[in-house]
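Both complexes below contain chain A, partnered by chain B and then by chain C.
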Partner chain A sequence: MTIPVFELLRPKTLAEASELLLKHGDDARLIAGGTTLVILMKQRTVYYPYLIDLQGISGLDHITADGEGLRIGAMATQRAVETSLLVRRSFPALADAFGKIGNVRVRTTATVGGNLAHADYRLDPPPVLLILGADLVLSSPKQTRTVPIKDFYRGLYETALEPGEILAEVRVPPAPEGSRTLYLKYSSLSANDWPCLGVAALLKGNAKRCDELRLGVGGLAEKPLLIEGLELARNETITDSLLDEIARLVDEQISPISDLRGSEWYKREMARVFVKRAICALAEEDPHL
Partner chain B sequence: MKKLTLTLSLKGEGRVRVKRLRDYVMADFSVVGHSVYRKDAAQKATGQVLHVGNIEMSGMLHVAVLRSPYPHAQITRIDKARAQALDGVAAVLTGADVAAMPGVDPYYGPAFRDQPILAVDRVRHIGEPVVAVAAADRRLAEDALQLVEIEYEPLPPVLDVLEAVKPESPVLHPKLRAAGTFADLAHVRAGQSSNVCYHFKLRKGDVEKAFAEADRVFEDTFRSPPAQHVPMEPHITLAYLDESQRINVWSATQTPSYVRTELSAIFGLPMNRIRIRVPYLGGGYGAKLYAKLEPLVTALALITRQPVRYALTREEEFVTITKHGVVAKLKTAVKGGAITARKCEVYWDTGAYAEIGPRIVHKSGYTSAGPYRMPNVWIDGYCVYTNKPPAGAFRGFGVPQVIWAYDSQMDIIARALGADPVEFRLRHALDEGEAFATGTPVRAFGLKPAISRAAEAIGWSKPKTASSGAKARGRGIASGVKAVLTPSISGAIVTMSADGSVNILSSTVEMGQGAETMMAQIVAEELGVAFDQVHIVQPDTDITPYDTITAGSRSTYHMGNAVRMAAAKIKSELAAVVAAKLEVNPEDLVAQGRRIFVRGSPERGMTIGEAFLAKFGSLGTTLTGEAICQTTAIPMDPETGQSEKCTEYWFPSATAVELEVDTETGQVDILKFFAVGDAGTAINPKHCEQQLLGSAITHLGLTLFEEMVFEEGRLLNGSLLDYQIPSIKDMPKEFRSIVVQVPHESGPFGAKGIGETGALTVSAAIANAIEDAVGIRIRDLPITPERILSHLAARREKEAHRKSS
Partner chain C sequence: MKRELALTVNGRLAKLQVEDADTLLEVLRDQLNLWSVREGCGVGACGTCTVLMDGKPVSSCLVLARRAEGREIVTVEGLAASGKLDVIQETFIEERALQCGYCTPGFILSVKALLDENSTPTDDEVREYLSGNLCRCAGYGDIVRAVRVAQEKRRAGAT
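The block that comes next holds the complex of A and B.
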């Protein structure tokens, strides 16, 4: 469990980091918190002669808010998001999702960018960012572009990042007035484990009348998914039959991978249970009822 | 679901005995029976502890090992030239190289010499060591491994224990050599034509007749999977040649004496040319028994003539040693509401090498029918080779696997008969002096008190809190026993200096269980000195005497007796001096408060220092006592498993749980958990409670989610990223232990042991509570949420089918 000799490159700017990525191509990899990359390199499953360290680039770990919403720098630690008053006040479900990652030792070291870019199919934060309609800012020497998070994930460990591109920032627009969000993480083995699946829900309205519903799920396909077609719930009363209909919709869109934390059958069952639980919890929580 | 009615009174005779004992402990002793702090607490809390991993030596080489990617294959070619040429590489070793070392036996193992130090010609499991590199640092060693080329010719693997016993199955070991460690294995010549390397038989009465005459017969198959010990400190060994060219080994092992014997056999050297030292272990749980890394590291030290250290990675740990996967088929006859016969067919998956498997099948196999009264018993235990990593001892030594089977079935039967599970167990539980299935009368047998205390703690006679919504509540109980490994030997030396300070020389390994504290308490009590005046010299085969093993909950009894007897010798020498001076009978003297005085008149006596001065007339003198505790058994009849004394004593265990099952997800939430065990006299009550809880936590994980998942012989979850162990968040809401104390007449101050007792009955208690909650019976471990949900779904489907037809 050691890493073969490699060179650690320490750029001072994003542009410099991108140049290095382009220069070394497949021989180089960005390293942020290193929590995932170092394990893989120690197992000698992957090897890169050059690691490009993002730690030395200033201005990448901010958490700020303005009228356009929240901005989180890619190098902000997961723990910083979890404990940020700003995030907890405006997007409690997001703070909660970051706070449910692995354990506190991982969260203190690992970064927001490292998590999102890793593109594991079970990550906790993406479902919440999906329902919040977050945008990801991707930086390269040529251009800086903004990609909606739902277009960022392409497949298993596959993202929209082009060669030389670096995930620089996450932008979360203000949530719809009067909406509430929730993230349910379900671990089927030890309580400390990766999720079997995660469900994020956003509800505007209440049990009597749903103005808007959004659902994001993790662990239920090769990539995190934003559930489509939820307009059917608009202006409806949240009844058992509506919940069944929503669950059916979810079931049609997911394609769970059988793994150590659950078979496809089990994950489909759990998707139904946790989607319903998330919606019911939000519906019941309405302070105006 | 059927309502169970409770008819028993919980104030059985067991409780009275418990009380009486507690009085006796508290009244008579000043150190024993008190929850003094651990000897090693301050050191451990401040990070001052010596572990093998902290030892650095100049010129020390580091090892990395190339392991088999196939479950079963012939090695056709190894090319190590490029690795050998790498700068900083001191040695690249193959199985053929080991075999070519003059006078070296390339095979080892405690039961059979079936395991090669490095694979010779054939590999038998994924992860088997094939090539070892010793280099200036670990990274270099791993770099060198990537330059080694090996070609394999895959062979058909044997992956399932029930397939492995079929006549058409490929045979892993066409020839077997007994290791000579165990007298009763010497005659075993099995294995030539089958993968069964050991077959244990017990025959009592006439089971077939009982089945024919039974009112009802119950047949069930229970499974438990291979699993990991996960000690915090992985295996590690450091070996070097000292200035007299003797082999010196520092190793994280639970068996220093055995390792010395094994190295002496492998390398053909006199025992005093080998020195094994063991500092504190970061946990063992059975993983660190017998030889593990020591043969390989010693071979490398001999070849390179440099210090060599090998520390396993966690990933390597997974393919080094495992817990036996077991398939247990139980058939039980009931007549007139009582069990009349039980037949157990138990298949133990010992993996590619027998390890200590045959001992487990024998020593734990004989308890497969349970500690219950039944006139007819038939047990077949099969130790079976498969192409998986070797399985060895695991906290409980196989007993948790058989209790999982028999105490799940006890509940199945009780429910089917409409009997209360607690009452049903108490009615069948063996009484003091009654014969176990082996014909051995049980002694100091706190089984009934353990069951009663568990039931009382969980509030068995009171109605349980009602279930609500999707959550269903249930309560469950399980009981069982383990027998202590017998025969075995513990030797100890105690030295006392003229100032009353004491050293204990013992080969018992401190691995977190508190053995040092136990020894110090016993010796302080015996010699009448303060607990803090006692120091423990850690295992060092040059100076600490032979001890069979630190395992099997045996140290408190065996080593406790040995250190007590050794201390008693010193006490009697001092008493002789005092008696002569004071002209009193030495029998009337007691040692207490650092003095030796006439019982009842403390002023008539001497301090320890005065007694030394009186004896030697000189300062700085020492007295030494040495003693051996050796237990004996009457060998079992190989055909019937009968013996008037198969074990020295027993560890009765009970667990009671209350839990909630989420019927929508299958998730189990344990609300209350009581781990109950009969320790004999608790030398340190707090430690006993902690041991019960610690071993219960281990088995909580094993019950609910731990499992090594294999696919085609490949381990799918061979790291802690995927193999889950219980975290603090998985603990039961209310989690307590209860120490039952039924003293053993020849234990030190009546003590037996407690290291595994809390582990034994966890799985069955949880499965029983799940049936109580949701009416389904799980027979396969682990009981994951998915497993529960799929049972619930299957039942729903069946019901729907029944309604529609």
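The block that comes next holds the complex of A and C.
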């Protein structure tokens, strides 16, 4: 499979990349790891006469932590996050979500920023970043602004990125003390495939008393969703009826797209199953199902 | 428009003329005649075009050739450059871990990357690491066994 002719532009700074984006408008697209864009160009799903290469810009692939949490540069590879001790220690579910994308070759090439900015409805990391309350740093020559990830996704392949803006960094604040997180990817075709759905859960407390519950889901709407209204579980014992109530809440907020991985009906059924499974796994303090 | 590209493949620097749209796979096959690198799916899912880039496995069908400049590329041809097969290649033959052989170069390189990264992987780690390499002759059992045997041989000092 060949790629149609295009020109690869190689800026040295973020500002230069932004200028190129503004100059070429809809004729240009950023290329980070390229694993998705190259496929879409090969398949003639999209075409851009100019690709703006972020590879030559230094200082974008860091993974660091301090008192304010974790910082991941947009050009860090997915494999680097998956295998980072720093990430594995403080945010195991995040390392897990990045480690479940495609296969090891894809993750070695593909980047964090490329994944998040693609804004596909089935991405694995956003549900985890949603429950962790991550912020995305968007850079442009005019300003650098920080957008909570829940406001970043606007719709199917739509983000809050303005013309000329580039996703530069992901910031993850420390998780609530004593909380545990989990990401469940459900693949209905093959392990390396896009998920049918993904469920991320954060629980502070245990089966007897839930102090805080957060849920993020992928593959169940046009964009990754942070489930709202989970205050109802606060200070409650995790019983079957509470789980049913939570599952109903999730069902009200999702709007699954029927695709090759499952019909809308099937995804709603599986959402119920996997939401309950994630909460129970965390409540029993057994993150390994 | 063709541009000059200096690519380090199997320890040698090659000066080439490439289009921006050329993939690493196309350049390795069509310009350097490294036919162990094969196009299967063309979308990074099957693993037949696997090469090592700075020691890590990548799908050469998804890498733009120009973006591979300055990196060390290794194909299966580079493993046996001295004429002696790598211990992983030898073990694949001994354990009959191939049938038609189309997927074999990709598997060999993935196994090399795996064992270089983790000399004592668990069964799950082997299967997960190789899950992106497809063998349509269904030789997975033999392949996983070959990984185990190669792992032991490497531990005993074989290269």
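Brief remarks on what is shown
Here, the second predicted complex is superposed on the first by the 285 of 289 C-alpha atoms of A that agree within 3 Å, B and C clash if a C-alpha of one lies under 4 Å from a C-alpha of the other, contacts with A are read in each partner's own complex, and residues count from 1 in each chain.
The rule we apply is simple: a residue touches a chain if its C-beta (ideal position, glycine included) is under 8 Å from a C-beta of that chain, and two chains touch if they have at least 3 such contacts.
What you are looking at is a predicted structure, and each value in this text was computed from that prediction instead of being measured.
Touch criterion met: A:263 reaches chain B, while chain C stays clear of it. By the document's definition of touching, neither partner reaches A:45: not chain B, not chain C. Shared-chain residue A:143: touches no atom of chain B or chain C. In the superposition on chain A, contact is made by A:8 with chain C only, not with chain B. Once the two complexes are overlaid on the shared chain, A:104 sits against chain C while remaining clear of chain B. Of the two partner chains, chain C is the only one touched by A:53; chain B is not. Residue contacts after overlaying the shared chain place A:273 against chain B, while chain C stays out of touching range. When the two structures are aligned on the shared chain, A:189 is found in touch with chain B, with no touch to chain C. 1-5, 39, 43, 103, 191-192 are the residues of chain A that lie in the contact sets of both chain B and chain C, per the superposition on chain A. Taken in their complex, chain B has these residues touching chain A: 137-139, 142-143, 146, 313, 315, 664-665, 667, 701, 704-705, 709, 716-717, 719, 721-722, 724-727, 729-730, 784-786, 789-790, 793. Residue ranges of chain A in contact with chain C, taken from their complex: 1-8, 31, 34-35, 38-39, 42-43, 51, 53, 55, 79, 102-106, 108-109, 191-192. On chain C, the positions that touch chain A within their shared complex are 1, 19-21, 23, 26, 39, 42-45, 47, 50, 53, 56-59, 61-64, 66-67, 110, 113, 128-129, 131-132.
Residues 1-5, 39, 43-44, 103, 186, 188-194, 260, 262-263, 265-266, 269-270, 273 of chain A touch chain B in their complex.
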